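I have placed the structure first, in the form of structure tokens, so that the comments after it can refer back to it.
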């Protein structure tokens, strides 16, 4: 048995306070693992939403796990504003590093390519750029009078996501979410929760292989059944709209958020803990 | 019927003399289309080998179709040196823009991302860099005293390749050759020859979809049965080693090369012309 | 034929998309999405409508990186943006109200705005609320600027602004909006009263063309069943499908 | 047990790979490939051997871009390079002989050398011809430099040079090779006569350890069947498989 295959508690305990963690936007989100981080009272996390965030960042912020969030936007989509996020920003309890979606991707792709920075169009003249001390404008060295933004590489300590399956060798099938490869390549370590571990080698499979992440980039795998609940896992299960709506309602203020978390972490304890 | 689906002669005639053409290294090579370019006596082509080249660039050079080749290397692999390439360089009849494999990829990825240049590690102190007037060294704006090479984006006029199948909408299944996506994204136009055109939508297929190129990036498709012969199409047919060996022997000098081409273009005429 | 306000907006936006090749539509955009589908249903030039977040062919994209790269390659002709605030220079604020960073009201964030707004030739601003709260003299935070200095690489930018009251065009040289037409039942005064920024005004402002019966049939028969997939609630509300 | 010269080279190279995690092997490299497989067969640390061009698990990579990105991420510990010419500063020439660009003899080109040589910590130079034609005082063309100025980002570089006569190490501070051992049946004089560059020499040069019977069994039983897939001719010639 591959030593990268372990249990979810072990993964959660390896994610130290203060870690920079990349999370994918609105599917493949490791909700079980996220609830585990809340349960173990993780602190000072630096979240990188790829490129935007929804429930998990809002929950982690509401639970006091986050000190910095680097994001192109946080929102509950059709369920409305991310109120724990908004409240933390107003209070100043969380530092926000605003970016654009392509800037987050480009920063990760720079890390993936091992280059220290990458140029990107747009941004010039925006207050997004004006408020990012770590973004710069340089002259395109190949064209006269062509200012262009350059962004530093983003290297997370961890990429964490949930996927349909892994194999015994540690290869992970991603499906359509090819961005997860960029995230794993860019990060120091990648932890994955999966619905199941299969007995064949995923990479040997002609069609699954090209939509999979090599074990070379995977540092920890744990089974978490329904690990994206109440969010969806494309091709496997849909959103649990009722639970998401109950969260959106509860998260409007800290007290009702706290009660909601108490109830749902208790559930988690019995299910996966 | 999608208007991008046409015949190979039409594709060949649309590739004007002087075009910058990207060709993938050693599989998915559009040999039928290449022979067609020789037959129509294409001239002054600027080849970009991605990132290296084998038979097709050597053949096109031997047939006088090429004025510039941008490459990380041209070789017949186990069949030896690419002699028409070497001979043209010695004579000075072809301009060579030497690069490294990752530099070719990075240049194409810059074009794919719509950025005018991209930094890349390595190169500094090499005669490769010293001879590329279009490569520069700049200071990493995020780190003191850290020189780094920057390369201009490579935007070919055409990417041409051979693939297992396309559908009626113009989507193309690539298989494992994900680099072909980069090439198509980076190029103004993409022409593809395929073994067959299927009746279902490739993109709708969960497993094929993620290994396919959207019709958005495909400007022309033609059926060319055994279109990579005598090279291989992974998962479909293997190298025709006998024919390749006969080419490698013939290409040692221009006269025997000419005879070989005469024989094999004649064949092509009957097969696909 | 009678029509819903949403159908008028869909029809108005669709006219702006004629002759294009590839239209991309963001999340939470049922009206722009419907407009793009309507335009595609009657146009030979439109090769693809991409609906961000759709997992269905032919509307899906090869991932989000693909979308942004595609725009930078010049392969997206039109896109839609909205804003919590939009000002007279077409600056867009998607980030929040008050003093940044500790804003009184924080919205989501800039998303792809300070990128697509630079690269997509025709960016259509669309907002279903036409008030002085939204259309302000100056946005609190420029998530994406409406205009740029001449040396900034910017093949794209604002093209029009559609609201429930009217259609504005945007003049990139004069850096201001121009009232192009007013929707039936509304007046210039109403537009002025509810718009916090100055705009150009022709001597006589035409009325927005209402959707003809052929257009309404296309919307109801062709567009509604498709848009019902990403937006079931919207389709149910407007068309009962 | 008797052994083939190739088996000695495989065994010698494999010793250099102990304790690593990920070894990548380029095209046309049956001996380095066999050495990597041998090292992996007896090492708990080696997580992956990547053989460029292999389409088979677990040796394949996710494409060539993945290989180069992987190296830049610091995830490849060892790689192999060769050269038409190699000089005493470990400069490698893969491009050709004569005055560039119209060289008298043009080889293939730099491939990934002026990149992987900078980024992979242990680059092992390997050449099956040990002559003054190959090991020259100064290469005609630096496809990839052996050493760099101190401010150049270079976590990687030359580590050793293996030939049919001997094993050299490379001293990055002194920027020169050091003769570490001579293969059985060869002499310092023979190495000197056939090497066009100066190299450091210990007072007494040890003989290269020959492969023991356990090693030979691993090579023949474990390595040979695997390497026969990418290199059938090689495997047939050495092991008759």
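Each chain gets a letter, A, B, C and D, in the order it is written, and its residues are counted from 1.
As a working rule, contacts are C-beta pairs under 8 Å (C-beta built on N, C-alpha and C of every residue); 3 or more make two chains touch, one makes a residue touch a chain.
Just so we're clear, the structure is a prediction, and the values are computed from it rather than from any experiment.
Minimum number of contact steps separating subunit B from subunit D: 1. In this assembly, the C-alpha centroid of subunit A lies 37 Å from the C-alpha centroid of subunit B. Each chain gets one centre point, the mean of its Cα atoms, and the points for subunit A and subunit D are 40 Å apart. Per-chain Cα centroids separate subunit C from subunit D by 59 Å. Shown for subunit C are the residues in touch with two or more other chains, namely 62, 68, 72, 119.
Subunit B has residues 109, 113-115, 120-121, 146, 148, 176, 178, 210 in contact with two or more other chains. If you sketch which chains touch which, the pattern fits none of the simple shapes: not an open path, not a single ring, not a star, and not all-to-all.
Contacting chain pairs in the structure are A-B, A-C, A-D, B-C, B-D. If you check the complex, the residues on subunit D that touch subunit B are 27-28, 55, 62-65, 68, 72, 94-96, 100-119, 141-145, 148-149, 151-153. Of all the residues in subunit A, the ones that touch subunit C in their complex are 25, 51-52, 71-75, 77-78, 81-82, 85-86, 89-92, 95-96, 98-103, 105, 109, 120-129, 131, 145-148, 176-179, 182, 234.
The residues of subunit A lying in touch with subunit B in their complex are 106, 109, 113-121, 134, 136, 138, 140-143, 146, 148, 150, 152, 175-176, 178, 206-211, 235. Here subunit A touches subunit D in the complex through residues 111-115, 169, 181, 185, 201, 203-204, 210, 214-217, going by the rule given at the top.
Across the complex, subunit A is touched by residues 22, 47-48, 57-58, 60-62, 66, 68-75, 119 of subunit D.
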